[in-house]
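Each of the two complexes below includes chain A, the first together with chain B, the second together with chain C.
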Partner chain A sequence: MSQAQAIIDRCQALYEDLNFTAAREWKDAEPGRKVVGYLPIYVPREIIHAGGMLPLGVVGGGDQLEVIHGDAYYQSYICRIPRSTIELGVSGRLDFVDGMLFPSICDVIRNLSGMWKLMFPEVYSRYFDVPQNYDDEIGGNYYTRELQELREGLEAHCGVKITDDSLRRSIAVYNENRKLIRAVYEFRARQPWKAPAGDVYLLVRAGLVLPVEEHSQLMTEWLAAAEAEDKPLRDNCRVVLTGLFCEQPPLNLIKSIELSGCYIVDDDLLLVTRWLIGDVSLDGEPLRNLAHAFLHQSESTAAKYEPNLEEKGQHLVRSVRKYGAEGVIFASPSFCDPALLDRPMLQHTLADENIPYIAFKYAENSGQMQPIREQAGTFADSIKLWSEQ
Partner chain B sequence: MTVITTSRSTSEQQEVSKDDSMLKQKAMMAKHFDRLTSARENGEKVCSTFVPGNLNELIMCFDFANNLPEVNAIQNGLRKKSGSYVMEAEKLGHSEDVCTYVKSDVGMMAKGNLAPNGKPFPDPDLLLLSYTGCFTFMKWFELLREQYKCETIMLHTPYEGDGKITDNMREYMVKQLKEDVIPTLERVSGVKFDIDRLRENLRRSAKAEDDLVYVLQTGRNRPSPIDAYFGGIYYIGPIFGAYRGTDDAIDYYKTLREEVDGRLAAGQGPVTPDGVMETEKYRLVVEGPPNYTSFRDFWKMFYEEGAVVVASSYTKVGGVYDFGFRHDPDNPLETLADYCLGVYTNRSLPQRVDMLVNYVNEYEADGLLINSIKSCNSFSAGQLLIMREVEKRTGKPAAFVESDLVDPRYFSAANIKNRLESYFQMVDQKRDGSAKGAAA
Partner chain C sequence: MTITAGVDVGTGAVKAALFEVNGDETKWLARQVLRVRQRDPLQLAEEAYDDCLAQAGLKRDDVAYVATTGEGETVPFHTGHFYSMTTHARGALYLDKQAQSVLDVGALHGRAILIDDRGKVLTYKMTSQCASGSGQFLENIARYLGIAQDEIGPLSRKADDPEKVSSICAVLAETDVINMVSRSISTENILKGIHLSMAGRLARLLKAIKAGDGVVMVTGGLAMDEGLVGALREELEGQKTTVEIRSHEDSIYAGAIGAALWGAFRYDKLAKLDALPMAS
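After this line comes the complex of A and B, so read on.
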């Protein structure tokens, strides 16, 4: 087996492990260690890391988890990630987690923060709010103080100390990790035949459960190994995949798109791993620097307000241009307010730029890939046809 | 949230026509829409905003007419137009999964943007995106901005995740008001901000709020002289809409209070579309918005069974006043912040449970009924846990029905009626059980 494949196999094992064994083992390795979970879309993991704790990404139960209790908490018209997350909690799979952060992404995860408080009162649960005002003096001040509250909350609940120096060190560690994630994305966009989207997904996703240092090491090794490998180039078109920033698609869905003839050259999966664009400064006050990066150097996504009408959807256009994509695939979880409410506006922007797109919905446990394969296949064919004309 | 205008029999019309507050409210709504549709002729500018986080006192300082798209969606629901508007929006590419208020609005625009008076709404000069308690608001106004290409203000209200308002939240909001919202309102309106004018408006608000709270709290009496959900929706109309902070609102709530006092003194129940409710058999607390497309039929399922809603959470979406908050003219910007921060859907789930438990206990209700709305994740996500918690903490039975605000496809009368009937039986059994228990 190739070295790249061995790394991906390890990532796949982590992905399939619904008991989070790796994180449990990390916790058990030394007394007093703490684990803090977080949901999509973004939390500053640096703050958790700076307290010597393990940030653990919780992104639902995927297509292998049998949801027995979770459905009793949700109506049929609510997406699936909260019910499988509840299932993970109720079934004891998260019983080693000392804190849970619920980012400001939508009303479902917002309300889940309160449900967690009621259902797991011993856990430090916090709704993690972020500013929708991007002025340093307004949104920046507010956010810096929110970060400070988070820091104090974690210190009090987990019995750790989070100093400015440890924060700077953690920021440096995450800067490195983000740099590698970007390198993986750039590599895939350059040579997608060497970096199948399913592999890249698993590699990035391993960063949700592994200590960041280990994850960075893994990416470094994979990049070197994958680069050295020879794989056949296929006659695929190049697409940007968008709308998957929260509930995860089944791995099969990502693979199916590629198998249908579309190389995925950019996506918005697992945004937490590259939310901040560029390095966060190591000089001065670390929380201010995290706030500054959030306000001025972070990804655009549906959960954020776009203050400038002209900018709406331009992040997609830029991604298409930068990576030489020929079309965009909107894949959104069923009942996902942020993705589905945003979609028409993004589509208008793409239409104005003559960028073709298709759209479909999925759930984390979608089993039937045939319709998606057909749709993506037809899309790939039509793109090829257009480009030949 | 407004006057219902379907036809009634002559005798019923006489019955209802005695109800001064209702006539007043109807006239106020008509005036509101006339003002909006003649704004251009009258040289007035129009600002659109949301009911939760509605800064009417501030908007009035700049002489804007206040257009509330949620109120328009409700009107379209009551007038049975929303179904076709929702489908129109879906044809235009909006997902079947998202909030039907948005789609009703988008569909209405596509079909001529007509107000209930039959005249077209003017395009707004300003969108005041008061981002309070609902994620959809942000996308809704981004969609409207795309359509109208007008100036848009984002006023971000942090969520009360830990069940309290922190200084940081309040200061953030006040700063946004001072440095962003007010300067933009000044610029677009051309009117200079006068803080004393704001104080006056706030003073008037507080006065009307006192009477509103008084009226809603009469639900504690037996029999309750009001229905705090179906009737309550009429009562909140002026104060949640474009009238808070006006003399008209003070007048309306004074009249309403006198009326309700009259019924209280006479030992009467609430007024329903079929006249005064004679026998109060069940006292309920209701969580969640109503269905507007079959509003009357839905209500009838309650009053025909002798069920009266003594308290509801929906009458708190545009402001929670019954735990002491009043708009405070002495702290004008802070009070606007606290108002936005405190609306029902901006409260954490544990706070919502506390409120509902408090209602069941304080209003001596037989239990909790949840009307779960497909459109609204803000309300609905977590309601099944709310139900269990309230049941556990009050020992009273709870029930769950599902519908939608303005999408008629999601109102199944037979299902809801069945559920309600079983629920009432459950309440009876519970009562019998307690009576036997007490006797034993």
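After this line comes the complex of A and C, so read on.
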């Protein structure tokens, strides 16, 4: 087995482990260690890390978790990630987690933060709000205060001290991690036949459960190993995959799209790992710097307010141009308000730019891939045979 | 001159076709079909491809583009993959230049495809998950009745009083067949009844794509089942449509032919775009 494959196999084992054994082992390795969970899309993991704690990404139960209790908490027209997250909680799979952060994505996740407080009163649960105003003096001040509240809340609940110096060190560690993730994405866009989308997903997802330093090391090793491998180039079309920023698709869905003849050259999966586009400054006040990065150097997505209508969907156009993509695949979770409400506006922008697209829905436990293969396969054929490019 | 190959990995059989393409001129150099019969389809794909090369006296390096279709996405030596609907459309047009729509009836499902004069898919409709309209179902029934696959068509043509079976569900259809056997209905009439039921389902697909009154080319593994093709003609005559059902002795290769020809088309397109390394 190649070294790159061995790394991906390890990442797959982490992905399949619904008991979060790696995070449990990290916590048990030294007394007093704390683990703080977070949901999609983005939390400043640097603040958790600066307190010596492990940030743990909780992105639902996937297609291997049978939801028994979770369904009782939600109506049938609600997406699946809150149900499976509740299932993870009530089944004791998250019983080692000391805090849970619920970022501002949609009403469902916001309400889940309240439910978590009621269901698990011993856990530090926080709805993590973000600004919708991008002026440093307004949104910046507001967000800096939010970050300060989070810092103080974690300090009080977890009994840790989060100093400015430790924050700067953590920002540096995460800057390095983001740089490597960008390198992985650039590598995939350059040589997608050497970096299957399923492998890249597993590699990046490992960063949700591993200490960031270990994850960075893993990516460094994988990049070197994957680049050295000799894999056959296929005549596939190049697509950008979007709409998957919250509830995760089954791994088979990602693989099916690629098998159908599409190289995925960019996506919005697991955005927490590359939400901040550039390096966060290490000078001055660290919380101010995190706030500044959020306001001026962060990804665009449906769950982030875009005040400029002209700018709506341009991030997709830029991604298509930058990575030489030939089309866009919208894949969104059923009942995902942010993704599905944004979709028509994004499609409108793509249509204006003559960029072909298709759209379908999924749930994290979707099992039937034939319709996906059919749509992605015919989309790839139409691009390869009939596009003017 | 471009040499291209098409490899169609189906549920029941693996088909390969080798072509020489020079502008609008095409020459079919070699073909091979291998029944899967619980063997590894990827190994069969390799075997069928190598057989074609041997027939034509060519080496792998002589082939500019190997296109797979069907379940052939993981065939290790392929250059590109085309969805089976796309390839059957092109293959049908190769076999009959007058084809305006295609009825691809394979082991797992049936599909009606409306095409234009370039072989581009305009719209399509396919049977749902249920296997009662498929070749696999017919094969199972033949096994229960103790007859060989190639006997199905001729026996069906001899029927004098067929009884239709359920066209909704394979399980119900099998129950229907068991009941017919216990009522001493002849094998010929049972088979014809199944063919008529399948034909009814396929005719509805043709109606759904608005096949109109043009030529419908039947492709896929069941295209050579004269019983099914006959039943289809009867069914459509009964519906007073002027659709003309045609089949071809090479219909089973339609997917592989289409893949090879689209491969040549794509190779040419990449050459014009100066992007040939993509297909090397």
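Everything below uses one rule, namely that the second predicted complex is superposed on the first by the 386 of 389 C-alpha atoms of A that agree within 3 Å, B and C clash if a C-alpha of one lies under 4 Å from a C-alpha of the other, contacts with A are read in each partner's own complex, and residues count from 1 in each chain.
Everything that follows uses one rule, which is that a contact is a pair of C-beta atoms (placed from the backbone, for glycine too) under 8 Å apart; a residue touches a chain by one contact, two chains touch by 3 or more.
This is a predicted model, so every value here is computed, not measured.
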Superposed partners chain B and chain C on chain A - clash or fit: fit
Chain B versus chain C as contact partner of A:Ser260, first or second or both or neither: second
Partner chain in contact with A:Gln75 - chain B first, chain C second, else both or neither: first
Winner by number of chain A residues touched, once chain B and chain C are compared: B
Touching partner for A:Gly377 - first (chain B), second (chain C), both, neither: second
Chain B versus chain C as contact partner of A:Trp386, first or second or both or neither: second
Touched partner set for A:Arg10, first chain B, second chain C, both or neither: neither
Following superposition on chain A: angle at chain A, chain B versus chain C, Cα, nearest 10°: 100
Which superposed partner A:Asp235 touches (first chain B, second chain C, both, neither): second
Minimal inter-chain CA distance - chain C and chain B, angstrom: 19
Of all residues in chain C, those that touch chain A in their complex: 65, 73-74, 76, 78-83, 85-86, 120-121, 262, 265-266, 269-270, 273, 277-280
Touching residues (chain side chain B, partner chain A) in the complex: 92-95, 97-99, 102, 129, 131, 134-136, 138-140, 142-143, 145-146, 149, 152, 154, 156, 158-159, 161-162, 166, 168-169, 171-172, 175-176, 179-180, 348-353, 372, 374, 377-378, 380-385, 389, 402
Chain B contact footprint on chain A (complex, rising order): 72-75, 77-78, 82, 102, 104, 106-108, 110-115, 117-119, 126-129, 131-133, 135, 137-139, 141-142, 145-146, 149, 302-303, 305-307, 309, 312, 332, 334-338, 340-345, 347-348, 361
In the complex, chain A residues that touch chain C: 232-236, 259-261, 373-374, 377-378, 380-381, 384-386, 389
